[in-house]
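Below are two complexes that have chain A in common, paired first with chain B and then with chain C.
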Partner chain A sequence: MAGSALRRLMAEYKQLTLNPPEGIIAGPINEENFFEWEALITGPEGTCFEGGVFPAKLTFPPDYPLSPPKMQFTCDIFHPNIYSDGRVCISILHAPGDDPMGYESSAERWSPVQSVEKILLSVISMLAEPNDESGANVDAAKMWREDRNQFNEIAEKLVRKTLGIP
Partner chain B sequence: MGDEGENVPANESNDSVVNQDELILAQQRQIEKEISESIPLVGELDSVTSLCKEYSTDDVYLEKIKDLASKYSHVRRTRPDGNCFFRAFSYAILEKLLCDKDSFNTFYKLAENSKNILVELGFQQFTVEDFYETYMEVLKRLSDIDNLDDAKKELHIIFNEQGYSDYMVVYLRLLTSAQLQKEKDFYSCFIEGHRTVVDFCHQEVEPMYKESDHIHIMAACSALNTGVRVLYMDRGVGSSVTQHDLPEGCSPSVHLLYRPGHYDILYP
Partner chain C sequence: MRFLGISFVSFVLTSVVVANAYYQKKQFYPSVVYITKSNPSMAVLYIQAFIGVWILGKLMRKIFFGQLRTTEFEHLMERSWYAITETCLAFTVFRDDFTPKFVALFTLLLFLKSFHWLAEDRVDYMERSPVISWVFHVRILSLLLLLGALDMHFILHACQSTMSKGASVQLVFGFEYAVLITVVLNIGIKYALHSVDLNSETPWDNKAVFLLYTELVMGFIKVILYIAFVAIMVRIYTLPLFAFRPMYYTIRNFKKAFSDVILSRRAIHNMNTLYPDATPEELQAADNVCIICREEMVTASKKLPCNHIFHTSCLRSWFQRQQTCPTCRLNILRSPAPTAPTNNNIPAAQPQAAAAPPPNPVPNPYFNVFAAPGPNPFNQFNQANGEMPPQTPPPTPQGAAQPQAGSVPGQAPPPLILPPFPFPIPFMVPPPVPPANLGVLTDEELRQLEGNERRNIQARIQCLINIQTMLDAAVQMMQQYNVVTMHKLQPTTSSSSSNTEVPQESQTSESEAAATSSEDANREPARDKTNEPVINSMSESDVPSSTTPEEELRRRRLQRFLQAEQQQQPN
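Up next is the complex of A and B:
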């Protein structure tokens, strides 16, 4: 059985390369180690993150896909569901019953038939529609609720930063 | 992250709150791990009366164990990790099938076709493939052994190897989910609250370590075309254990002992 996580990750990489979903590029940082991936996520159109290209790191456990990977943005990002150190906090990255954030009961959870693609698509919808009930970044959640203009301004600065535009 | 302070408010207080939560989770995982390491995934046969040791000061349970012992001679414990029903059920069915070549072959064919059913229901092929292949590999390995005792030994070894054992559990979880989705009109009556059958499957059936209820057992039996008898033993009134056959009126080929939150295998 050793190697089943690796086999699955290789299958997922192949799948993502053959049928890349819009706005997502993802794969191992180094093909010698399939347990560390980098993903590039394009900010969804019509949102304050539009046009940005946000890099993130995915770290897979040895028993993947029984347990979910961890995901962390490696760029500056300000968002209600992302910790200030970049760690992503959404329901699909947690098994049911294993969530400090009290997600809605209808939210998507991790199971062995989820995939990297599903995680990244969830992250894109999270960028478009923050869930202010599970505030990983309370300041961002507060600003999103109470001062949308300032939130948008910060987001635009971060978008420019990811593109290297001053 | 150099100029973060300029446009992004600091939120350290926020992170320390989260760390508390993570500490609690980490502690919970540690406790779970300790339980795991102390109990085999699937244990050796024990006499039913060995259960008395767990309840030496509890008269209600001791009475019920006496009753249980009049119907069953042995019990095989499983690890209480939330997967116990699926692990116990898989093990017990295969153990039973080893004694009957024809039934085994029928079961093999049923399993062989099961991946197509999953894919037709919308499971992505690459997510189910490894579990299916492991399941079929185990069936193949068992069917290749002629001597019954050797086959039973092999079954026991396989189910105590975490990798194989967990993949067997996942695949039965997927088959159970598929069965629920195939007959979702029927099963929707058993789901509390406003969840759809599909949501229920995603949250309560497909993820590892989620405990099983009546509805999981009904669907698993139906998926594998097998009947099970569950003996319920709890602190409720009375001196006897209650039994339920699923589906009702079946002649059960698997016998399970249920104590609140946990399933073990029983042997007449």
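Up next is the complex of A and C:
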């Protein structure tokens, strides 16, 4: 019997392949290494990210699901809760105990009942409704609050860029 | 590609140096002497040797590991930088012994060390890889055997050298190889555990525990080795700065392993004692899938107080990190199990139990007090105000409530101690009442009444104490009537029927108990030599009151009290 982390990741992969949720594709980059996944997220409808397809990389720790994975977008994305290097700052990905922004309650932190699917769905809803209280990208948070039009413009430009449309 | 270029250049240079020497001296020995005398040629040869070691390393890596994974390579690079720095520091201690042989030995040490690191990473990877081929097993086994043999050889060599020639740099080597052999042992044990787990069809729950203990024992051995090494080095040479970083990390790892073991033990203990096993029916009723590992639960699953069910092993590893329910984040250490209350955790359980009556009768005397009165409003009062004691404190510091609460050790003082019906003290223990008309008394009787002998004063004090007790009781009763009428005014519905069916007997005994124990406590100031033994034996018998039948105890107490009274009365 393989390790428990591996079995759980395989089970999640199977689940995501059999019943894929809308707007999400995820799976290991290489089936020899189940601890590095690639995910594609479609931008939620009715927002400035609509129509975009955003690739991201998920890195799982050896003790998954006791510790949360790390998620990093591999494309350019302009969002208050995403660092400029693509790392996602969302409470579901933070283990209880470490609180980078100092405001999260433990109720919304990582717990072993969370899953890749839930993470990705949370990220989609985060794209739709940024939390400007915790600025991972301070410029984006400021612009989101003060100059929504310019924010939308930049986001749409980056959406076109991810799709390869000039 | 670059490496190929460098090795090619080095090879060409070496050939040029050798060819040049041979061309100049024409013979073997003179050319050897020429080369060893010339610094540039020696430098070229050293570089060539280094390149040779490098090539050998690559070859061994190909044989034993195949392609390195990215993380393995990163680990290797990171650790080698530290190791090289420490080696340079070690050179400063042994600068007198600085010879090519010494450098060669250190290079060899580094070389072997890097293979130990790689083997460690590779064995850790076993748990995370979906496919483990037989090639993997052959490679790891042969590598471990080879490394272990080499380590042993170098340790023996260092020992012999130290024995015959006294302390030298061999001390460092012996120690380093001793540390490495613990690493080999650790890897070997891990490998064995992983392979057993891989070959079994069902998940092996205890593997994590074995791994934890292995870590602990190995950490302990390493810490001892480091401390011994530093002590020896300080005695013979100087402070071994180069050993401090690894020593620090070893001690830190050991501390972590130690706390892990403690946390794990606590989690196991909690699970074994506090939580019941989930029954097959419960598993059927629930989803039957452990949400932590997403696998079916057949056996070995536990139910938390919040009714969430998980695999025992999954819960154990989670509880090592956090003591909350993974699903609802209920803090499991704060809320006791509802079905198996023991005497120790009743005080903690009481607010919960009062808020919602527990399914099983709880062996707590105060629940009888709560349940005793016939009228319903009282039960509702209890349910509504389970945590009221601070609002209704006893009126006097020597009031009836406090001594009684103290007389039953280990129980939280409940809000209501005295039942709301007439207090029987005055009828059962009549105090010496002074006659209404003093005129009818003779002088003798008057003198006796007023007299200043000891027993008269005692009788008077006793009388006053009894009056005080009666007043206290009256105040308490008035308060209770107040509360009850207050609740009568609110619209109420009778909710718990089971509680009202307590036999009448227990009511009376309760009230007697309340009365007597309050008097016991109040009599204490008037204690004298004659009844001291009685009181002592009573306070002794108070202690096991939670275990013996309470009514029996109270009856006995009452009897003793009456006897004491009777002894005093005739006087």
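Definition applied: the second predicted complex is superposed on the first by the 160 of 166 C-alpha atoms of A that agree within 3 Å, B and C clash if a C-alpha of one lies under 4 Å from a C-alpha of the other, contacts with A are read in each partner's own complex, and residues count from 1 in each chain.
Quick note on the criterion: a contact is a pair of C-beta atoms (placed from the backbone, for glycine too) under 8 Å apart; a residue touches a chain by one contact, two chains touch by 3 or more.
Computed from a predicted model, the values in this text were never measured in an experiment.
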When chain B and chain C are modelled together on chain A, clash or fit: clash
Comparing the two partners chain B and chain C, which touches a greater set of residues in chain A: B
Contacts of A:I29 with chain B and chain C, given as first, second, both or neither: neither
Which superposed partner A:D139 touches (first chain B, second chain C, both, neither): first
Contacts of A:D76 with chain B and chain C, given as first, second, both or neither: first
Partner chain(s) touched by A:E12 [first = chain B, second = chain C, both, neither]: both
Partner chain(s) touched by A:L66 [first = chain B, second = chain C, both, neither]: both
Which of chain B and chain C A:P112 touches, first, second, both or neither: both
Common ground on chain A, meaning residues reached by chain C in one complex and by chain B in the other: 1-2, 4, 7-8, 11-12, 15, 63, 65-66, 96, 106, 111-113
Contact set on chain C toward chain A in their complex: 69, 124, 126-131, 197-198, 200-204, 291-295, 314, 317-318, 321-322, 324, 326-327, 329
Residues of chain B touching chain A in the complex: 1, 4, 7-12, 14-15, 18, 21-22, 24-25, 123-124, 126-131, 134, 161-164, 166-167, 170, 174, 193, 195, 199, 202-204, 206-210
Contacting residues of chain A [partner chain B, same complex]: 1-2, 4, 7-8, 11-12, 15, 63, 65-67, 76, 78, 83-85, 95-98, 100-101, 105-106, 108-115, 135-140, 143, 154, 157
Interface residues, chain A side, partner chain C - complex: 1-8, 10-12, 15, 31-35, 62-63, 65-66, 96, 106-107, 111-113
